[in-house]
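Take a look at the structures listed below.
Heads up, the next two complexes both have chain A, just with different partners, chain B and then chain C.
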Partner chain A sequence: MNAVFLIARETLFEAYRDRIFWLFAVVLLIGVGLSLFLSEATITETVETQIALSSAYLRLATVLVMGVFVSVSIAREANDGLLQMLLALPLPRAAWYLGRLGGFVGVGTLVAIAAAGTMLPWAPASAAARWALALACELWVVVAFALLVSVSLARPTAALALTIGFYLLARAMGALLLISDNARAYDPAAGESIVNGVLHGLSHLLPRLDQYARAEWLIYPDVAQGQPLSIIAVGSLLYLALLAAAGLFDLYRRNL
Partner chain B sequence: MPTLQNPTDDLALQVRHVFVRYGKRFVLQDITLSVPAGEGFGLIGANGAGKSTLIRAILDLLAVERGDIALFGTPWRVAAARRCLAYLPERFLPPHYLRGREFLRYVLALYGESYDDVRARETVAELDLDPAALSRPVRSYSKGMTQKLGLAGCLLARRRLLILDEPFSGLDPKARARLKQRLQRERAQGGTLIFSSHALPDVELLCDRFALLHAGRIRFLGTAPECIQRYGGATLEDAYLACIDQPMTDEVRP
Partner chain C sequence: MSERPLRDLPRWALPLLVLLLAAQVALHRATLPPAPTGADLPAPPRHEVLALMSLAEHTAMARLLVLRLQSFTTAPGKVTPLASLNYDGVAAWLDAALRLDPWTQYPLLLAARVYGAVSQADKARQMFEYVAERFQHDPDRRWPWLAHAALMAKTQLKDLPLARAYARLLRQRATGAQVPDWARQMEVFILEHMGDVESAARLLKALIDGGQVRDPNELRFLLQRLDELRAQTDASRK
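Showing the complex of A and B:
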């Protein structure tokens, strides 16, 4: 447990020294600037448009930066020989994996809190807090997936591409299902049925990230009160555990 | 899990009939050797002969197809078997975002050892690394300096067995001489040393015995004089060349 904590702490330190938090600060500033520009450009529902666009931008930007951080960090550790040195210590491989995962989850949580902070001028604190928790959950799932593919593929470009693909598919799944269900209702041909079946199958495997950190939670806080945040949190922890189990399974059978 | 019969901790390392393959190709075949505690043992061979692969197999970093390995009598698949050793990989680079001192502190914490700045400064100075460099970021280090820092991490861990993969790589002549002195001192204090190298004089100086690997097999196992006697020539280099030039049927079984 001590080793897991040490490795997690080192990952947080790596993010700090690699100026990942500065990079996020720049990303957040761009988001705030975008919001201010839009408030000048729109005629009606200025604040609502501002929140919708900047929150969507922040979600995507934080996911991208975290994906890059995880894949590059893991690839560098493997290429530099540090991974071999650490795994030659009298520790189970799980200690390294869980330590790295814990560190990335910690970085993601800090980033989500900072992103929600930029929403405070336009949204109530309670709504921003709910949005922050949901964004943190989203980042936990993303970093767990990025860690899994980074360790398995050992190629940062491929790992990042897969992470982005996973995220976009999970984010778009609600819309894809809607389109597919409608298309099938109007044209019940075999092709549509197969596509519909594949999409429904995928939707059971993927986390429904389209349900996470929605802009309307910030725009209409009263509506957001009814959203089942606990389901999102529990579901994310479940995905985190499943992705960690998959990563450990792969790590234990891997040659290094 | 395969088990070793009659394991003994008089032997720092015991490798029996180990086979390792990548895909369909065997990269280690029927490797058998043992290293008594306190011995200096070298692994020599051409590039791709299997030296680093054997070291990684010993450390359970890759899957062994067949055979058994034990470290001080404990089967290698058990994490606790690595409690007695410190390892430096080939082409090692400490994390670029750390300072030298922070790297040593981190590694020693993972070894369960406390960091002592006086000892750390003495150790890096012995390796011809300026102690002032410990305050600088690793990203500003040269190749040789990163190697020295990695070696210092292993030496400060105070383990009974040092496994070093190409420890002299990237070191200038003075640093090589200093490292040899330090490793000889480790030996004199009862430590066991296993390392791979392309430099035959280093192996002659530091090792009681060595294994010559070629194409994934042990072609010779013994002392330098025995190697010269068996394969002829005036130097170990001559004997080495004669050994690897012989066809595989002349394989010497340990």
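Showing the complex of A and C:
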């Protein structure tokens, strides 16, 4: 357990050394600046427009930067031979994997809190807290997936492409199902198509990221309901555990 | 990492860099698309496509849609008259935004106060009908736009039966505690044939004084409209 904690702490230091937090600060500034610029063109609902655009941007930007950080970090460790050295030590492989995962989850949590902090001047604190926790859950899922594919593939470009693809698919799955179901509604004679069946099957394997960290929670906290936070948290932890189990399964099978 | 001085570069490197940069700028300028005109307003993408493009951030996409719609009449260096727009297209864009974010008031403000303020009666009427129809989906939140449509039907279109129909709809459907009395009493004012522009000014002033308008841009916009209405009132008195 101590080794897991040490590796997680080292991952946090790595993020600090790589100036990841500075990078996020720049990302946050760009987001706020861009939304301020666009909201100047509005006639009404200026603040609401600013919140909607900056929160949507921050979700995408933080996920992208975290995905790149995980892929590059694991690739660098493999290229330096550090991973082989660690795995050769009398240390359970699970300790290394869970330590890295814990570190990345920690970085993601800090990033989500900072992102929600930029919303505080405009959105109620309770709404910002709800949004922060949902964004943190989203980032946990993304870093867990990025870690899985980075370790399994050992190719940072492919790992990053897969991570982005996974994220976009999970975010778009609700709309894809809507399109697919509507197509069937227009042409009932078509019956159950293969694509529709595949999409519905795939949706069971993906987290419902389209229900996470939505801008309307910040803009209309009194009326916007959405998925309860408890469901999001439990679902994310379950998916995190699933991805960690898959990663450990692959890692234990690997020869040095 | 240390760098070599510029003189160590091959002689052709810097001119080539400048030349290619100039070529890029020239190509960009030569291939600028023409500014869109009102007639160019295309139909918005289908709701499902917008939902997909937004990656489930429907509120943000709704805001981008209204900004995009606004941009069709305010392209850089060119202002297109609102009346030149295809209003079926305008209604479709407003509807697309409203369907993505049913809580936003922005599309209804555009319909009532911007696209409904054109001098072409048929187009203004189309926008007011749009407002009246969408009002019924959420009367207690959307009442200001129907109130404005009722006043504009009276003052701009000079269509008192239409104004009364809107005012009656307002009185009957907007029954929430947040709807002020004056909005529900509009039907009486219209029936009494009170001064047209003065009524519009009164409604605007009541909205502003009531503290319901907190958005600075909207407040500025309304104050500007109030000044215009007062100027019209003064001119008519003279």
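As a working rule, the second predicted complex is superposed on the first by the 247 of 256 C-alpha atoms of A that agree within 3 Å, B and C clash if a C-alpha of one lies under 4 Å from a C-alpha of the other, contacts with A are read in each partner's own complex, and residues count from 1 in each chain.
Heads up, the rule we're going with is that a contact is a pair of C-beta atoms (placed from the backbone, for glycine too) under 8 Å apart; a residue touches a chain by one contact, two chains touch by 3 or more.
On a predicted model such as this, the values are computed, not experimentally measured, just so you know.
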Requested in this report: Could you look at A:169 and tell me whether it touches chain B, chain C, both or neither (first, second, both, neither)?
Outcome: neither
Quiz item: What is the contact status of A:78 with respect to chain B (first) and chain C (second): first, second, both, or neither?
Solution: neither
Answer with first, second, both or neither: which of chain B and chain C does A:161 touch in the superposed model? neither
After superposition on the shared chain, which partner residues are touched by A:179: those of chain B (first), chain C (second), both, or neither? second
Request  = Using the touch definition from the top, say if A:211 reaches chain B (first), chain C (second), both or neither.
outcome  = second
Q: Using the touch definition from the top, say if A:38 reaches chain B (first), chain C (second), both or neither.
A: second
Exercise. Answer with first, second, both or neither: which of chain B and chain C does A:59 touch in the superposed model?
Key: second
Chain A contact check, chain B vs chain C, more residues touched by chain C
Inquiry  = Contacts for A:199 in the overlay, against chain B (first) and chain C (second): which applies, first, second, both or neither?
reply    = neither
Interface residues of chain A shared by chain B and chain C, listed none
Residue positions on chain A within touch of chain B in the complex are 3, 6-7, 10, 13-14, 17-18, 76-77, 79-82, 84-92, 253, 255-256
In the complex, the residues of chain B that touch chain A are 22, 56, 59, 61-63, 79-83, 85, 87-98, 106-107, 109-111, 150, 163
As the complex stands, chain C meets chain A at residues 48-49, 51-52, 54-60, 62-64, 66-67, 70-71, 101, 103-106, 109-110, 113-114, 215-218, 221
Within the complex, chain C is touched by chain A residues 38, 41-49, 52-53, 55-56, 59-60, 168, 171-172, 174-176, 178-179, 182, 209-211, 214-216, 219-220, 223-224
